[in-house]
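Heads up, the next two complexes both have subunit A, just with different partners, subunit B and then subunit C.
Let's look at the complex of A and B:
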């Protein structure tokens, strides 16, 4: 069974602009899935349907097999952790501890549980010791971690992240990738996120959905989708690794499909040695 | 456990606010003596940082000079007459009343600003202020700094493009540019407000939502301070009625 499923959803904003046009989307439990696409493709609008911030005009969204309705919103939001692009939109309390405790308190956790979960969540994101700090004095990357801790503290099954790599430096992106893999490994979380950083997807995601003009254009395993030439038609770029691979194939170099940089370098060295 | 200073500070602040209400022109001198006696006890016994009171004294001249002129301005009963300058009893009372209210108001500002925001909020909760009020105040505390940051970003963006209030340009144009800045700030704040609401809703926000605060108990020192200050305020009021 799919833990998250959108069936043929359509959505327009009040100005009449249709943002989603028949989107079908499925995610299996424990998977890390990326949604990529140009600006204005409808990624954030789609994500807002996953926790009932928006409701589709047509079609339905299911979380753990339950259709999202106004009546079960709290139950759904307890299952879905939503990370917004800008952590300053999300961190609302005067101290880190109070902010991370906001979700668990709303979902009815008792005080001891809240204390325990907040400390565990801060430990998971590497922010222990910051409990009494004011969020205003933290760096952008630290604020992102605090925003994630604010979600982890109420133990959702699925995390929806809107552009989690935006505004992070390369080291920050690497740290964030490690954190997402850790969350999947340690907590069995299902993660769905959007990104413009195609290179960051390699070695992280299981499946990729390409979205354009409110529709899913491509969907499949990471390597298949990211090496598909039609990716460029959608205004996106293949990862550098796959561009090199395609250039080599185009030049007539017989080389197996690479999983990472090391593999392509090793294969090239082998070919060069064979030619000697 | 919360630090007790925040509770103490807030109790003192409330007491000062009480003094502002309790003191009136008739028994003002007695009121002021009690007020200063209780303040000194708070400072010495409960170790409220003395620098806070230094700040209050430094603020007194801003408004204090108005009180200084009162004895010369109104009243019927002359108590001292120096040729054409008369000092009236009613004016003296009113001047002292004005001064006591100024000091109480400044004390309120200085003591509140010397406490950590989250400590004030926690102390407010302990004093059983409405949850919604505390929640709203905590959002204000959090976003006031963001608002200031946003203002600086916008200000820098127009400074980089050559705008300065000191620049040589028509006054009307300056006003128009500043109003654009304010307009952008309002629009950005509204947009941020919407995004923040969505983020809160995603974490289960509802009408009954509140900010997490650890429970803490009042200690004997704080209890005795509360009793002392409430007694002082009551005594001032009682003297009024006698």
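Let's look at the complex of A and C:
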């Protein structure tokens, strides 16, 4: 069963330019998938269809088998945590506490539960103790963490994250990756996110969709898609790991396809030792 | 502009933990005392007492409070000063400027002092409320005594958008000055016109984004405020004693 599915959707903004041109997109429950693509490809536009912020001109979007309609928006949005690309767009309340509590309050959690969830969520993103601060004076990365806490606090079953890693420091990226994997393991969370940081995808995502000019150009298992040479033709880049792999093959070094850095290093060391 | 974010001080203040109605009644109650007991020295005493409450009990920095007091004063002082020349008839003093004679009246001075003292007292009462109570909490309190839902909601929105436009304006001013748009009078004027025009569009756009963000989390007409009692009998009793004390003070002052 696909928990999230877009069937042949088309979309243009008021100015008439066709932004989405027949997008098909499926995600299985409990998977972590990434959408990559150059600036202006339409990733954000596509994501906004997943919780009914935008509606397609043609085609439809299904969440847990239910078509998104104006009538069932509440029900759909309860399932979906949406992280906006720009945290300034997401943070709406005058204090951190109020902002993180905003989702649970609207979904009718009781007061004790709200307080508990807010503290828990702030702890998960490493921002405990900031409850009474004004979010507007925080740094970009801190705002991003608050925005993430704001969706963790109502425990959605699908997270749609528009560039969650942009602006986080390396430790923040590592922690957030770990958090996503943990939530997937503990709660069976499904995650769809966009990213320009190709290297951050390895070891995290199950499948990758490549979006270009409002269409999905390529889709498949992470290693397959990210080592596909047509990626570079589309103006994107392979992860450093796969570039090294391809360069070695090109130079005639017989080496198996690496899953991570350790593997490629071990294989190289073995080859070097054999030659001695 | 940062000091305008009163919410920030309200949340840090120890008085924040008092229940909402304690603060409303303390502030409005004292305001009513001011209206009933019309004695300049009493009004002035209230101003001093409330200012002490604000700065020492509620721990609002004196520096901030001074700035805040200065805002209403900047138009209050000239406005009351005019009364000196308007309310007669006992002339104390006459200023002659060419053909024009301006009289300073005794009654005018008395009225000016009265008005000034009452206004100061009133301002300090309202500042006490604003500096200890976040807006969301205040309106939730008012909702509970039957203020219509839509008024609460619109008020909170307006409050929110004041800050959104200040933020946008600040950002644009910084962006402009970093490219020397604020250097010199002409550049200043040109940038100012541009920013003024753009501010509306930017705030509008921000409004749309905020709307989307609220929709994404299913805004249902309620802004969260920390879970704490609206009402506390014990605190109200202390407030009652405080107000009684004020009445006592009034009669003491009149007697002297």
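Here is the rule we go by: the second predicted complex is superposed on the first by the 274 of 276 C-alpha atoms of A that agree within 3 Å, B and C clash if a C-alpha of one lies under 4 Å from a C-alpha of the other, contacts with A are read in each partner's own complex, and residues count from 1 in each chain.
Everything that follows uses one rule, which is that a contact is a pair of C-beta atoms (placed from the backbone, for glycine too) under 8 Å apart; a residue touches a chain by one contact, two chains touch by 3 or more.
Predicted model only: the values in this text are computed from it and were never measured.
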item: Room on subunit A for both subunit B and subunit C (clash or fit); value: clash
item: Touched partner set for A:177, first subunit B, second subunit C, both or neither; value: neither
item: Touching partner for A:92 - first (subunit B), second (subunit C), both, neither; value: both
item: Contacts of A:143 with subunit B and subunit C, given as first, second, both or neither; value: neither
item: Which superposed partner A:135 touches (first subunit B, second subunit C, both, neither); value: first
item: First, second, both or neither for A:112, with subunit B first and subunit C second; value: second
item: Footprint overlap on subunit A, comparing subunit B with subunit C; value: 48, 51, 53, 74, 77-78, 80, 82, 84, 86, 88-95, 97-98, 101-103, 105-107, 111, 114, 132, 134, 136, 150-151, 154
item: Residue ranges of subunit B touching subunit A (in the complex, touch as defined); value: 117-118, 121, 138-139, 141-143, 145-146, 149, 192, 195-196, 198-206, 209-213, 215
item: Contacting residues of subunit C [partner subunit A, same complex]; value: 2, 5, 7-8, 11-12, 134-136, 160, 163, 167, 206, 209-210, 212-220, 222-227
item: Subunit A to subunit C touching residues, read off their complex; value: 48, 51, 53, 73-74, 77-78, 80, 82, 84, 86, 88-95, 97-98, 101-103, 105-107, 111-112, 114-115, 132-134, 136-137, 150-151, 154
item: Subunit B-facing residues of subunit A, complex; value: 48, 51, 53, 74, 77-78, 80-82, 84, 86, 88-95, 97-98, 101-103, 105-107, 111, 114, 132, 134-136, 150-151, 154
